[in-house]
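Paired with subunit B in one complex and with subunit C in the other, subunit A is shared by the two complexes that follow.
Here is the complex of A and B:
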């Protein structure tokens, strides 16, 4: 609850700072203070010291799963700010407003981590989505940014409509918005529940860009200013998964027989479409958009498996994926040329940056000793534990192997090709923060329990 | 016939008559004005049902805001009888089917309610005229600030972000 309140308040603080502080570069300082305040609030949340411990008549269910995810989101946002905060000044003049919108998104993220009611799910998803439509179109003179923003807005509102329709059907069947559902006693799923489940699955698949509802992703991620793509593809996407897992665990956990096959099909399509299309991309930004679809396929295993291992796994996956992707985007945003050729010979010019980028890419590809490997391991193990559709794991392994190809293309370009990769303003601070991010990935890969997963049982 | 019944018949006749005029008048601006009439008549019905909050909201939101938007759009598009676009016959057929379905649902719902009324004792009525307090602002306020206080407050964040966004997108000069 602390984070929900504080992030909304700090959004307002950011807006008013814009009024009184003329120096645009101070925006990231105010935002950094805000994020630290939020982290402190989150710390007290974890220790059950909150503005209010009320669950608001069952509208919220605060548990360690949601709170730890909120910590992951906040730490990722802080690293994002330290790495790419100054790039925001190149997008437009309204830096303070952009940060205000990001704080509102964080409010939504904190909300979808602890919701226990369809009403709160809808509000949380909308609070996350609406600022993103705006951030996508922040670069107003760029036609691609405009196109991406409009596309995102139209398709996003359509999917919200589908979600509302699903919620309405479930309300119609049960007469309440509460998330918990009594186990189904009849042999067949009631029709209204089945329709509601399908619509909710479609809408949330859209929000996390799972195939076949992924068509907006490449255009929006490619069109949006790269700083904001970084935020959208990481914290926001992970939050979508937390909402997805929570919904399917609490609401539909008692009827896995009815939907597990559908989710399995979505996973297969997502993995295959994401990985195969990513292979053919020429621009690294677009490749990362498709790779985020492919990673979404892996994260969907947590929805599919709905067991304790899956919940630990999705937290680890969220952390690993957020850190690595924020790192890569931080490097990408400094580059002049976003194609693979643009990275040619980066290792000669910026040996440290190239090395750290390699760590991020290895983590995304799921090479051992990185957090990405363990995250993928947890996902596959949880699916194995659920015991159905073992062929799914085979496809997951194959697509992970395909993903190695396009991640290694970047490494190959940096180390084994001649060229003059042009990267602008790489400061010592940037290098230090990038090294910290890479260090966190390695540490998470070696000590996942003491760094993250033990907290799960601690609070 | 008491006063309530007389008022009910007058308002009903007004609503149906104005609704017909919406369809029959050639000038689109007149149609909109007749539609406002319909909303006023329906708001009158809400008063008869003792639903004061719905009455006020219906007036402010529908008769006020939405109809003004309608008028703006019609004036911007510069529609008049000469340039009225001809709809193709499939579209008209679809409209008839959709409207007919809605009417079917209404008739079915009322019939169901009437059957239940007859089965139960006679004290159960289809509508409560001039009594009952479900539609009062007091009850709405209690629900909003007690049961649903969290979504009520949180939605302010949603509106605030939409407003900030409108300013960021709409501001001139950059």
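Here is the complex of A and C:
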């Protein structure tokens, strides 16, 4: 798969160009070229033209699901770069290195999108995580950033350990690392598989910050420099879900009876904890951290349902969620004050930016005509298709209504409250890219098929 | 094709209105758009063939949904009401000034598009889309241009109705899963035969959303505050048309799909409706704020319509159809008068007004007619509908009629009390300088008064227009 190779190579290119290019602001340009190269590589992947057509003895399974997700991740990263790339210069001096790390993360993202082997899953998750530990602590002189980084590193290593242990148990039971598992014929799940399954579920829940394994999320998201939070909360998180869905579909799809109820409980906890806590936040950055937990609750429906609709749905959700969250973070980075009051009266100062932010928020809240609505719809529909508990759906809907509360608080601050929200360096290019992002959200909300989902059947 | 135009015109002109910075121009633009929509709506009355009245295009094939809109008799009546209401609202609020007028009129037109969409959709998912879309502009209108407590009040309104809609969404999905044809199309859903248990569950999921929107007791708590705090032009949309969404949805999507549940729960719902009528009427009597008074009187009226609908008798349902239209006309008339009073005196408190009739005779006369239509005096349009509805309710159960009938008396009390306090008696310092209404306002109110008498004396056109809808609905209850 081209993207895996290219992203690793371009990471190295980024590092070395840091040695030769003195002008820090050029890092963005090199990274943009890299992303375009990756997108081209991804395009050829989609048309089955790759450096190597091998599937590495079954270690990878390159399918349209993984490839389309890689495209979503790459496009999101490109928009992320265009919107917030220049903010990185405020974090520290090592811009080229930051971008190198982001390219390594993308390598991991591409890997977890197409893995077909437990070891590849482990490798992909680690390649994603390690650069992120560094990026979280990028703001060296900021204690919160250091704290977040350490916390993330400790908790992350711990969860990786649990994941490895789970993989070991499953290996012990079956003697192979291959993802695909024959259906269980005995009436009871073999103990080793059951333990392995539990450990893997815990580890992945940690990675996607599903409750009750979410405690690191607010501190890390809040502590990390906002530019990097934006990337972590979107592309990385969505990748975690792709890994989750893939694992549970391919490996444990034949034994849904054993784990569906547990996942349902995780969904409920995640939705309730994420939404209720988000309501009480005063800082928009922290609110977004909790909202990302709440959104994770909805995305978990895809894991719960494991059917074709869920796979389409999680792609749509990933796209909708990444676009909207990147957009909001891009605006947030520009703000002086991260509290809700800091947004007071933004509509007066920056009418277009406020309007576009409203679209992002409406999409996260799941109002029709935005991609966020259809994404939520697909999630619920897929869960229903595979048979579901009515209480699960009712709680999901209640929490969606609660989420309106905190998303709309931002809208109220921008439009209906008096204040002098201060936003710095809003350039015309920024506005255009932000408008493109919002436009994509609306288009996905009206024509999800021609824009995204039809590709699924095309390749 | 005409059906599509009814949605597209307000939608496109609404978006365009955001870019018109000049206040005068944007007002004329909005009025022009509303008049064109009215023209098209009138044109739909002449066509009966499907080529003009329906439009279908593939939209979300994976989900079994298509973009299909169409008009039947009831749809024609409600789109006509919407199309009549908007020009009236725009003309009557011509002299009100709104900050950022381009946004105000843009959002008004967008809400019109959403409402038209609700009345036109013949696909359940599309219906849900518009159902929500009608809400979003209303939220912004109320929050930005409303009264002092607007932010918290409209927030409650939004979350309340949004929660109802979300529960309906689960119902919609469940219905879709049960549908063997895997389609959201109206015809396909009508063909379904659901077992009783599924009907009972789904019925409440849908009904909750509709009950909040109407609103009927005890889901009404958002309504008086929202009506009070909203800018009056928006209140006219909310109370004149948006509450009809709930009633319309019951007729279109609830009763024909879940007939067994509708028959099974009829007593509960009629009981709630009738309780709400009395409750709202009693509260209306002690209100001092004109807007709140009309808001509560509206709850009472909606309660009667809901009760008559679930009674399921031909007369009653026919009355609901007539009353949906007439209630829209009457209540918009009342709001116009309140808007005029408030703009002139800066207050809506009845205790601070008085003696207006001496200073503004034209306003007084027109108000009295509208108010009497609101209490269903014979010869006015309100009478036809209420009489039919009471007949239907009587055929269902006489005791409901007795209790509901009390609300007529209560309605007379608060309405006459209002007329007396605001228009008769002695003038005070505030009303001493009162001037009569302007020509455009006279014109608008006269149009409404003409409609009130015309519909009161000759309701046949509406009855004929909605006859088919009534017949098919009544057959559900047999």
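The working rule: the second predicted complex is superposed on the first by the 459 of 459 C-alpha atoms of A that agree within 3 Å, B and C clash if a C-alpha of one lies under 4 Å from a C-alpha of the other, contacts with A are read in each partner's own complex, and residues count from 1 in each chain.
The rule we apply is simple: contacts are C-beta pairs under 8 Å (C-beta built on N, C-alpha and C of every residue); 3 or more make two chains touch, one makes a residue touch a chain.
No experiment lies behind these values; they were computed from the predicted model shown.
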Quiz prompt | Partner chain(s) touched by A:254 [first = subunit B, second = subunit C, both, neither] | solution = neither
Exercise. Considering only the touch criterion stated at the top, classify A:419 as touching first (subunit B), second (subunit C), both, or neither.
Key: neither
Quiz item: Should A:119 be classified as contacting the first partner (subunit B), the second (subunit C), both, or neither?
Solution: first
Practice problem: Applying the touch criterion given at the start, work out whether A:312 contacts subunit B, subunit C, both or neither, answering first, second, both or neither. | Solution: second
Quiz item: Is A:190 contacted by the first partner subunit B, the second partner subunit C, both or neither?
Solution: neither
Quiz item: So, does A:368 touch the first partner subunit B, the second partner subunit C, both, or neither?
Solution: second
Quiz item: Looking at the overlay, what does A:384 touch: subunit B (first), subunit C (second), both, or neither?
Solution: second
Practice problem: Touching subunit B in one complex and subunit C in the other: list those residues of subunit A. | Solution: none
Practice problem: Enumerate the contact residues on subunit A facing subunit B in the complex. | Solution: 4, 8, 11-12, 15, 56-57, 59-60, 92-94, 97-98, 100-101, 104, 107-108, 111, 119-120, 123, 126-127, 130-131, 133-134, 137-138, 140
Self-check item: In the complex with subunit A, residue positions of subunit C that touch it
Solution: 60-63, 128-129, 132-133, 136, 140, 143-144, 150-151, 155, 158-159, 162-163, 166-167, 169-170, 173-174, 176-177, 201
Quiz prompt | Touching residues on subunit A, where the partner in the complex is subunit C | solution = 309, 312, 362, 367-369, 373, 377, 380-381, 384-385, 390, 393-394, 397-398, 400-401, 404-405, 408, 412, 415-417, 448-449, 453
Self-check item: In the complex with subunit A, residue positions of subunit B that touch it
Solution: 147-151, 154-158, 160-162, 164-165, 167-169, 171, 174
